[in-house]
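Following: one structure in structure tokens, then a few remarks.
We just call them A, B, C, D, E and F in the order they show up, numbering each chain from 1.
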Amino acid sequence: MIDKLKVMGLLVRALEEDIGTGDITTNSCVPADAMADGAFFARDELVVAGTELLALIYDLQGGITSLEIHTPDGSRLQSGDKVASVRGRARTLLTCERVCLNFLQRLSGVATMAARYADAVKGTRTRILDTRKTTPGWRRLEKDAVRAGGGVNHRFSLGDGILVKDNHVAACGGVAEAVRRARARGSAMLKVEVEVVDLAGLDEAIAAGADIVLLDNMDDAALSEAVRRAKGRVLLEASGNMTQERLPRVAATGVDFVSMGAITHSARAVDISFELG
Amino acid sequence: MIDKLKVMGLLVRALEEDIGTGDITTNSCVPADAMADGAFFARDELVVAGTELLALIYDLQGGITSLEIHTPDGSRLQSGDKVASVRGRARTLLTCERVCLNFLQRLSGVATMAARYADAVKGTRTRILDTRKTTPGWRRLEKDAVRAGGGVNHRFSLGDGILVKDNHVAACGGVAEAVRRARARGSAMLKVEVEVVDLAGLDEAIAAGADIVLLDNMDDAALSEAVRRAKGRVLLEASGNMTQERLPRVAATGVDFVSMGAITHSARAVDISFELG
Amino acid sequence: MIDKLKVMGLLVRALEEDIGTGDITTNSCVPADAMADGAFFARDELVVAGTELLALIYDLQGGITSLEIHTPDGSRLQSGDKVASVRGRARTLLTCERVCLNFLQRLSGVATMAARYADAVKGTRTRILDTRKTTPGWRRLEKDAVRAGGGVNHRFSLGDGILVKDNHVAACGGVAEAVRRARARGSAMLKVEVEVVDLAGLDEAIAAGADIVLLDNMDDAALSEAVRRAKGRVLLEASGNMTQERLPRVAATGVDFVSMGAITHSARAVDISFELG
Amino acid sequence: MIDKLKVMGLLVRALEEDIGTGDITTNSCVPADAMADGAFFARDELVVAGTELLALIYDLQGGITSLEIHTPDGSRLQSGDKVASVRGRARTLLTCERVCLNFLQRLSGVATMAARYADAVKGTRTRILDTRKTTPGWRRLEKDAVRAGGGVNHRFSLGDGILVKDNHVAACGGVAEAVRRARARGSAMLKVEVEVVDLAGLDEAIAAGADIVLLDNMDDAALSEAVRRAKGRVLLEASGNMTQERLPRVAATGVDFVSMGAITHSARAVDISFELG
Amino acid sequence: MIDKLKVMGLLVRALEEDIGTGDITTNSCVPADAMADGAFFARDELVVAGTELLALIYDLQGGITSLEIHTPDGSRLQSGDKVASVRGRARTLLTCERVCLNFLQRLSGVATMAARYADAVKGTRTRILDTRKTTPGWRRLEKDAVRAGGGVNHRFSLGDGILVKDNHVAACGGVAEAVRRARARGSAMLKVEVEVVDLAGLDEAIAAGADIVLLDNMDDAALSEAVRRAKGRVLLEASGNMTQERLPRVAATGVDFVSMGAITHSARAVDISFELG
Amino acid sequence: MIDKLKVMGLLVRALEEDIGTGDITTNSCVPADAMADGAFFARDELVVAGTELLALIYDLQGGITSLEIHTPDGSRLQSGDKVASVRGRARTLLTCERVCLNFLQRLSGVATMAARYADAVKGTRTRILDTRKTTPGWRRLEKDAVRAGGGVNHRFSLGDGILVKDNHVAACGGVAEAVRRARARGSAMLKVEVEVVDLAGLDEAIAAGADIVLLDNMDDAALSEAVRRAKGRVLLEASGNMTQERLPRVAATGVDFVSMGAITHSARAVDISFELG
């Protein structure tokens, strides 16, 4: 179940911005007491996500008597599959249609892309990670959609993980000192990840006591050598220049994770429709 | 200038979700009083948008002493062009980096796609319209980005325009009655648009007194015939199955507008980077 | 049905400011579990409005078991008519009494004044329009009350209509240029209204392609001439120095609309009472 | 100085509801960098109030370079007097004009009516009180305007005073018990006011230890007798059927206060204009 | 019943700050549909407070099917007494456990300390008052807890009472002028309290017409003399250097109130546990 | 620097609840334009915290011309030391006094208690941890105060760390399975802590791959044996029945952390005063 407290603000904002001063067309044409049935259908091959938002959106607008989700988040659908059925005031169904679709299509787009990448490394030890390159305001929703598609979540925020990058190292005068400072500020409880761009950096990070090392923009040969050198002492995350085609080769190197910003920053909306009657 | 009142809530939410309980890494590694310079660069050919958000984001976090936007929204950039320069607390620059980029990359992605479509109909009477298929919570920002790219905005919300669709017609028992009701509810002040799927529908809409007719999913021949029949009595908007390749042919039919949901629902983030030092 | 999302913030604020740190008198004198019946009565001849707020107000405070609205918004009442019946915790009835009445009396005052003006033009083509001279924070509620009284709504905000005034004309160097610019910024979808103060201005506005012309402060003779000249090419709205007595004469000129700020900025509260038991 | 924290929410709401998705007309016609001068003028004889809101409204919208208030709240103005001068972005002046006037006209209307009543009892011991019959959301602003006009504030909310009415008495089985309970719940610190409808009620209230007695709907003779009987042991507040004409006679009875709901629930907006240039 | 409107913001904030980006441990280990029973137990001798918050907290998180409060606020409990029973989704019980306990333990700590002091003056005319030294954000909750323990509430805010301190006197040039000004600003309706540090101050305050006098930091002999001099013309409140041991002696002087900041600023959390199963 | 975004909501709430409908006393007695100097002084031996809030509080109320913090958070003060100096409108100084003190006294109380415990383990490897037993709404402020006193922060929320307790183990059928599930839900990035009550539990937790083990309610001998068995493979945190007196003996066992809820749930306000003039 999604966390209502986190998402409600965004839903209210979404309805407010779309309804504006009122749905003039619907309010003029459709009687206030008219009831109707509606349904959401996949119009493409996709992995669905965001279905739990429907109840919250309809609840904010009011007037729904029944809502059934037929395919929970993470379901793999074919074109024509029915995602959800709803019954209630016809005005509510029409007025909320676009907001419902905007959420469903976008989140299912993220889940579908995550699934495509997860499938590409299936059967290996490698898992697909998301990043913080999410749509501002949608962090939690998109991270949920990534998991629905079979991906794994990296940090939710700058507050629940330590990731030492080159600027941090520069400010501290070295990787070792950066790691030491990061641990000192109350974060013995958190793992420390260090970003490196070559194998020398990997050695330095391991020596400094990193728990995870982010291998940025390395080719497959370098990644293989990194796995060999690490000897399981740290978790290894590869990132940069990743494509669906390359993923099997990267997974073959034995890295623990591949992180891909595109899952959230460049997923396209998938086709889902809403039909009345 | 963007409307601060509308966008501030989203910016606060964006910073809160990304910073979480605090940027542990930066706060541990970088002294509170360290100052730094930074700059945003285009890493691709793109049309930039969202630059006015930078000042608001940095202002919320605090500690910035100067910020200069070199390329205002709508500028067409080459890879390497400098978008903006900033100076201030190093902590602020590092902590805000990802939120700034998430906004810039996404909005510039929208502007870039809008520009590509607008270019495809350049020199014709046809203009590119956006739709309500925007990212929930981002309606205004994305509509601004569409204009930055050379597109034209359709309705901002259900409250500032009337668009009669088949469900509305069905509820009223006919196009004429739907248009009459829509005008009656105080909206003599608003134009009435009617969606039709064939030429018979167009005739009916014109007879009913529509100001604009949305021609849904018609081929180029049908669009040409629609323009001929309308004789300028209504504005014509074409939508459905539009691609960049088809746009010149659609424009050649003489329709006033082509609306494309993809501009906002499927734009990919473009590559913009932030560099310290 | 009113739009809950829009009005809830005002209701919360209204209860908070009236209850303050708690209704000491009621909480001291009335047992927490005491139940009571109450009813709202018209104490004057009036058109009622705001009745849908009662359920929302009581719901925020809690403890109501039944609520029945006997006279929906727009009903014309005589002194003594029962507006609504409510049953629930006596504390809630007493604590919410003043806020309920403050809303009902004021909104019914607006509806009553709107009805008086609408009656004065009954049987003619002329309709009574409201303006943006509403109580800040109450725009939507007062516009709903205007319709309940038989008036017609003008713009809800600066975003859903174009009204070119003298300052806009001055900034553009002429009416024609002002209208052209207003249309260019994405608003082919919106009608353009132009304010004029004499017949020459009317001619210029029509020539510039205005859809509606606001005739400001003209006498009845000028209004008649304006109707004659316009020949139905534009909608005509008269405003300024309107009184109930003059309305029939203005309607006789044939203008489409008369707009009156007094409906919302100077309506007096009408007398409605709340009785326990 | 008004309390910014309290009023800011209303101002934001007022701007949002009036600007909607943006002031299309102004943004289309007036260049973003055009500067202008403006001024507010009284167009009637009035007591001004609400002037401190101007700075807050303009500050929310941005772009003002100077603002001078020439006549602080409470000033008695003639038609033509200049209330305030402002200089800044022409767009801001035009977009904020209506919201500024809506506040100024309404609050000055309250102050003007309060002054008229206060003048009617000038030179006597009697003071004019407001009530809780204020515009929901405007409690504090209207109470400030009442003082600007020379009135005195009664309770701000149900939490800062005790007023025992007939329903409270009924729930307690008597005035004495009602007063006792009201004091017991931590409010030895607050005065207790009791509402009575005749002289027997007055005697009972005094015996019960009331600090203030509200004499509801009594004629002048009864009020005189009440003053005689009270012998200064309690403060006396008269209410009901008060008109400006009757006020001097009521004041002559020697009551301490006359409370009048009309000051806030039925004040008419007074005429104030905004002129550019 | 507590006022939901006031407390809901704090509860939302409390859940948000404690749950952060989600209760990873519980969500990973406990199935979404697992149900469980739980109960809160006193683990110490205490006076309970805050029990009405449980329903609100669980309601925000969702998934509770029953909740029973066995010991309402103000109950005196022994170790082992069951405070409340709850049944619902196991995830909700686990995720909300800490927030529920943090509220219960702290508010019961306040009630317990208030009860200890109230017991110390039992049988005398003296009552225990709280102060404004409450936890910011918790004013209302802590004041409710004080009453649950048998204390009496002083002012809720600076707006519902007048308390003239030395700085106010200094600004006015004397107690008499300070009292006069305080009454003049619309507060004939409020009692006036004056703070004094010696008996001369008391005489001056009474002469100035104070309703209540705060005797700050006086010893028992001075308090007795103050009671003698006041002759019941004013209420007397003693404060400063109060301890549980001294309270009976202070009560013996005959003062009406003793106010103690420690009740709210230094109460320790009492031991309450939550048990599953 | 504290995170303004997080704390502002609480500060606004604190001012609103304390000021209520306005500081009647101050506004009546002190002229609006009177200026004054003030200062905060320690009246006890203490470690100060919360000083950065002063600027934010005064800024919300307005009218301060200078503010200087003499002793930053974490400073160890003697009675009489000056914490901060402020100059501005006398009204602002008086109206904000109590809110400023309520924050300073409470947060300094937490820092002072943390320092006392940190001192008790000085020179050992053991560090003092806080818990989630914080004042709801104050999580971040109190955690900052703990660090100011020399303590170390444990989790900020349920979202930035995994702590497997007995209920989680029960739901999973064993420690090993609980740890496996916790890691699987995207949290390879987070350390896993397991709570145990005896040495057998410790062995099981280590075998399951825990990173940290919480030793609950063990005596010093058991703690020593735990350290011996763990052989540095996991971090060890001791909790339960901790007192200042016992801390040196616990530190002598060699555990890495001692966590103490009392630091935040039972710290007493320390004495800090505000003086005008």
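Methods note: contacts are C-beta pairs under 8 Å (C-beta built on N, C-alpha and C of every residue); 3 or more make two chains touch, one makes a residue touch a chain.
Model, not experiment: these values are computed from the prediction.
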{"item": "Each chain counted as touching chain B and chain D at once", "value": "A, C, E, F"}
{"item": "Contacts common to chain C and chain D (chain labels)", "value": "A, B, E, F"}
{"item": "Rotational angle, Cα trace of chain A fitted to chain B, multiple of 5°", "value": "180"}
{"item": "Type of chain C:chain E copy interface by residue overlap (half), same or different", "value": "different"}
{"item": "Identity of the chain that, by mean CA position, is farthest from chain B", "value": "E"}
{"item": "Chain pair, A-F or C-F, that carries the greater number of C-beta contacts", "value": "A-F"}
{"item": "Geometric centre distance via CA averages, chain C-chain A, whole Å", "value": "45"}
{"item": "Euclidean distance of C-alpha centroids - chain E vs chain F, Å", "value": "23"}
{"item": "Junction residues of chain C, two or more chains touched", "value": "19-22, 140, 156-157, 159-161, 185, 187, 190"}
{"item": "Chain-level touch network, classified as line, ring, star, complete or other", "value": "complete"}
{"item": "Interfacial residue positions of chain D with respect to chain A in the complex", "value": "20-21"}
{"item": "Residues of chain D defined as touching chain C within the complex", "value": "9-11, 13-14, 17-31, 34, 90, 94-95, 98-99, 101-103, 105-106, 109, 132-140, 156-165, 167-169, 171-172, 178, 181-182, 184-185, 187, 190, 261, 265-266, 268-269, 276"}
{"item": "Parts of chain A lying in touch with chain C, wherever the complex brings them together", "value": "12, 15-16, 19-22, 32, 60-63"}
{"item": "Footprint of chain D on chain B - complex, ascending", "value": "1, 3-6, 140, 156-157, 159-160"}
{"item": "For the chain E and chain D complex, residues of the former touching the latter", "value": "127, 147, 152-156, 159-161, 185-191, 193, 212, 235, 256-257"}
